[in-house]
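Next up is a structure, given as structure tokens.
Naming follows writing order (A, B, C and D), and every chain is counted from residue 1.
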Amino acid sequence: MTEPNVTTAIATSTASDVFIRGKSLCDELIGKVTFTEMIFWNVLGRVPTPAETAVLDACLVTLMEHGLTPSALATRLTYSSAPESMGAAVAAGLCSVGSLFVGTMDGAGVLLRRMLESSSSVEEEALRIAEEHKRERKPIPGFGHPQHKPDDPRSPKLLDVSRAHGAAGKHVAAIEALGKAIDSVYSRHITLNATGAIAAVLADIQVPYEILRGFAVIARAAGLVAHVHEEQQRSTLRAVWHAAEAAVPYAPAAPDANDPHDSE
Amino acid sequence: MTEPNVTTAIATSTASDVFIRGKSLCDELIGKVTFTEMIFWNVLGRVPTPAETAVLDACLVTLMEHGLTPSALATRLTYSSAPESMGAAVAAGLCSVGSLFVGTMDGAGVLLRRMLESSSSVEEEALRIAEEHKRERKPIPGFGHPQHKPDDPRSPKLLDVSRAHGAAGKHVAAIEALGKAIDSVYSRHITLNATGAIAAVLADIQVPYEILRGFAVIARAAGLVAHVHEEQQRSTLRAVWHAAEAAVPYAPAAPDANDPHDSE
Amino acid sequence: MTEPNVTTAIATSTASDVFIRGKSLCDELIGKVTFTEMIFWNVLGRVPTPAETAVLDACLVTLMEHGLTPSALATRLTYSSAPESMGAAVAAGLCSVGSLFVGTMDGAGVLLRRMLESSSSVEEEALRIAEEHKRERKPIPGFGHPQHKPDDPRSPKLLDVSRAHGAAGKHVAAIEALGKAIDSVYSRHITLNATGAIAAVLADIQVPYEILRGFAVIARAAGLVAHVHEEQQRSTLRAVWHAAEAAVPYAPAAPDANDPHDSE
Amino acid sequence: MTEPNVTTAIATSTASDVFIRGKSLCDELIGKVTFTEMIFWNVLGRVPTPAETAVLDACLVTLMEHGLTPSALATRLTYSSAPESMGAAVAAGLCSVGSLFVGTMDGAGVLLRRMLESSSSVEEEALRIAEEHKRERKPIPGFGHPQHKPDDPRSPKLLDVSRAHGAAGKHVAAIEALGKAIDSVYSRHITLNATGAIAAVLADIQVPYEILRGFAVIARAAGLVAHVHEEQQRSTLRAVWHAAEAAVPYAPAAPDANDPHDSE
């Protein structure tokens, strides 16, 4: 079976250097760029402008930490059960960075694209989206938050950073148009949440929709290391474990009347 | 069973803000600090000086990417097999950030501590360490590299950054003393590698030994997202899979003479 | 915030025993039931009949091993990079048990349900399904296999086991009706594959559709342990790594003309 | 760089079959062997005798389930956060199958080997082991249990199964000798726990020490699927999350007096 010729543009190494997307790690990157600039370069293959770096920094800072989330709990339980593998502990936490918590970033990206590629105006398409979701009683990705209400305090900060650096463009405009349409259609205010704001400000610095979620993964990995370090200092394993057992008591179902083993 | 009272100093959230180690995410962090400063603050609970930020940036930039490593391959194979879960794909790659690849950072930390806590001089303890490892034919954590030889080009760059910011102290001095002792005891040059240099420069900015490896986990998570993004554009799944099958052909063992099922 | 009262019916333990779904581990399970019977009991909460055990055994045996798959490669690369954590190595492999490889089991379950809940006959609904997929050029979950063609040899064996134990019912009948409809609509033979056959035979022993995939996870975990053990005896890490690097060479993209750092 | 020639003895596939360690999956395995026999064959490359199958069944049944353990909690939190990936949810749980919970199996294996390879008698070496551990105040792998005391009820059941099938040999004798030595040296009874008993009974059916832990991984993967299925029926996510937050309240450290950002 012949394979298509595939190549990687990311990195190669020689005895005397590592080349990352064509730049020398030792001569052009170490000591020359920040971690955020390096992330932009390595993931997107483009050197960020200072404005782009500022926007990405703001997003990564926003996404990094939210306390004892399910993901942080998974990492902490894993680390204190198997401290020999810090990588596996962070891995356990990243397995839950999925649809419920950050997946809405992708969904918000889909809506942004739809508004901007529509043959109608952004405002008309926004109204159509709001009406569809209301009719089908579906949550709108990027809007609403169980705890941060009436307003998610992170969203205006993210839009402020984007505007202050001249990095806000058509995606920020579109998400704001969608916010207005939603308030009008639902006759009440539903907050733009942090993942919705991040989708917009990153799309305005040309981050492709499909990799948006990757920045949440990076930021959360860093946050999870903070939880590992706290677990090293004072383990919460037994406190969490016993609290969980108390919160979810054992209550077996009624016996199985047709147990073929009973007649043995 | 009574539990010890445990608390977390990391984060809590209210309807109108998130507080991270006592700072307001919205008023004091978003748009005010870089991702690297946020990592330092969240993991270590201390605001970094500009010199500390520069050293941490250099370490994270160094550790982020090394091409198609086993860890990158695990992430790429996983993502292209199960693209519904980007978090799980990065998780698969982080599971291999362990003893063979970055674990030497911990081992180098142990040696640094031993030299600095010794009742002998650093130089004497360094000679003792080199002699022990030579006698027991054990690799010295933080020294030697299969590909980057005679010298790992990343190590002097890291030490340069540390010195340029006035952040080099007793740990950098100790790792250099150990390098000299090794060359003398083995009668040949063995390079200080990147993990050894990172252990020293991070220890000199008061990063506790036990969390050193966490910074490798953070940096590698970011590098793995770059591989996910490339995999989105052109999957290497079949090329890698078929190359692996060709490199490791099937050769069954001789039949089992005592197979009890054969006589059925 | 009040929580709903949730309980677990799975297990609890005392100083002198463990109770699993109401049975004593020590008095009723160890030495009394096979692993397969225990899996059925623990996952589904019902003691299997001998026929149900035979069908589940056949499915687990079928799903366990398929050589150097992406999932096995991820486990092997991880184990040889971080041998301190066997659990993490198997975990890395399980992260890729997703949509591409076993996810079709769920999709086949959805089609089975649709045929059996239809107001038309099974045969009519089967034709409708085949026509829809052909028109939309979509693969039909449970049918077709890139390597096992014209026929997946595992599927008839699975149906044979199900029939031999009198466990084949309406789901097996429905998947066969769907196979006939597909061949007729596409005017060529498309094989029922192993995941399609497993969805049908497990559904006929009352395994709920949503947990079908769990049995693939169990079986694959066992297969991955075999790969760990072989890796312990002779590591394939370097052979696979170097084969992958050769198969996916480095080819950096053209330099970025607008690099703001170039003008510094 | 030339690679050593490595091969795999596990599996290969053709269009019309899959061969696993030389046996035809379709003709010799599906419908012919149980899952437990298949595990033995695939992992160890040897067809088990009925006695060996019975012992392995007893071990897998014993290890499968222990209620809301840290590992089960990690899986449940992950599944309910990211239900799109059941494989990743089980993976998150397996990441904690490590030193604290099942790693003692390996340690018990090391002690068994030491007793059996000693130039002294088993009894003398057992006394020496007990004395060393007492002097160094180290726990003895395979002995003691925080909850199951004075006696772990699973251990005698496992030894019973091994004896009833004529499969108990020198390893079971050695672990019992070690138990007697411990009680004598410590002047109190310390229970043989399940992992100690499993190490002995599996070693007596020629399972290599280094793969013992793999059977815990297999059994736990199956148990974790039971927790996924219960989570599908009634999610415990919010109950566990909120119980954990209540058990581990937020208490930030005192402010950092040297914050360089304060002077900005």
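Observations
Please note the rule applied: contacts are C-beta pairs under 8 Å (C-beta built on N, C-alpha and C of every residue); 3 or more make two chains touch, one makes a residue touch a chain.
Remember, it's a predicted structure, so these values are computed and weren't measured experimentally.
Ranked by how far their CA centres sit from the centre of chain A, the chains are topped by D.
Of the two interfaces, A-B and A-C, the higher number of touching C-beta pairs belongs to A-B. The mean-CA centres of chain A and chain C are about 28 angstrom from one another, to the nearest whole unit. Computed centre separation for the pair chain A/chain D is 34 angstrom, with centres defined by C-alpha atoms.
Rounded to whole angstrom units, the spacing between the C-alpha centres of chain A and chain B is 23.
Under the contact definition stated at the top, the residues of chain C that touch 2 or more other chains are 3, 6, 8-12, 33, 67-68, 82, 84-85, 87-88, 91-92, 95-98, 236, 239, 242, 247-248, 250.
By the touch criterion stated above, chain C contacts chain A in their complex at residues 3, 6-12, 19, 21-22, 32-33, 45-50, 82, 84-85, 87-88, 91-92, 95, 247-253, 255-256, 258-261. If you check the complex, the residues on chain C that touch chain B are 67-71, 73-74, 77-78, 80-85, 88-89, 91-93, 95-101, 103, 236-237, 239-248, 250.
Listed in rising order, the residues of chain D touching chain C in the complex are 1, 3-4, 6, 8-13, 15-18, 20, 25-26, 29-31, 33-36, 38-39, 42-44, 54, 56-58, 60-62, 64-68, 85-88, 90-92, 94-98, 147-149, 151, 153-154, 157-158, 160-161, 164, 208, 210-211, 213-215, 217-219, 221-223, 225-230, 232, 234-236, 238-239, 242.
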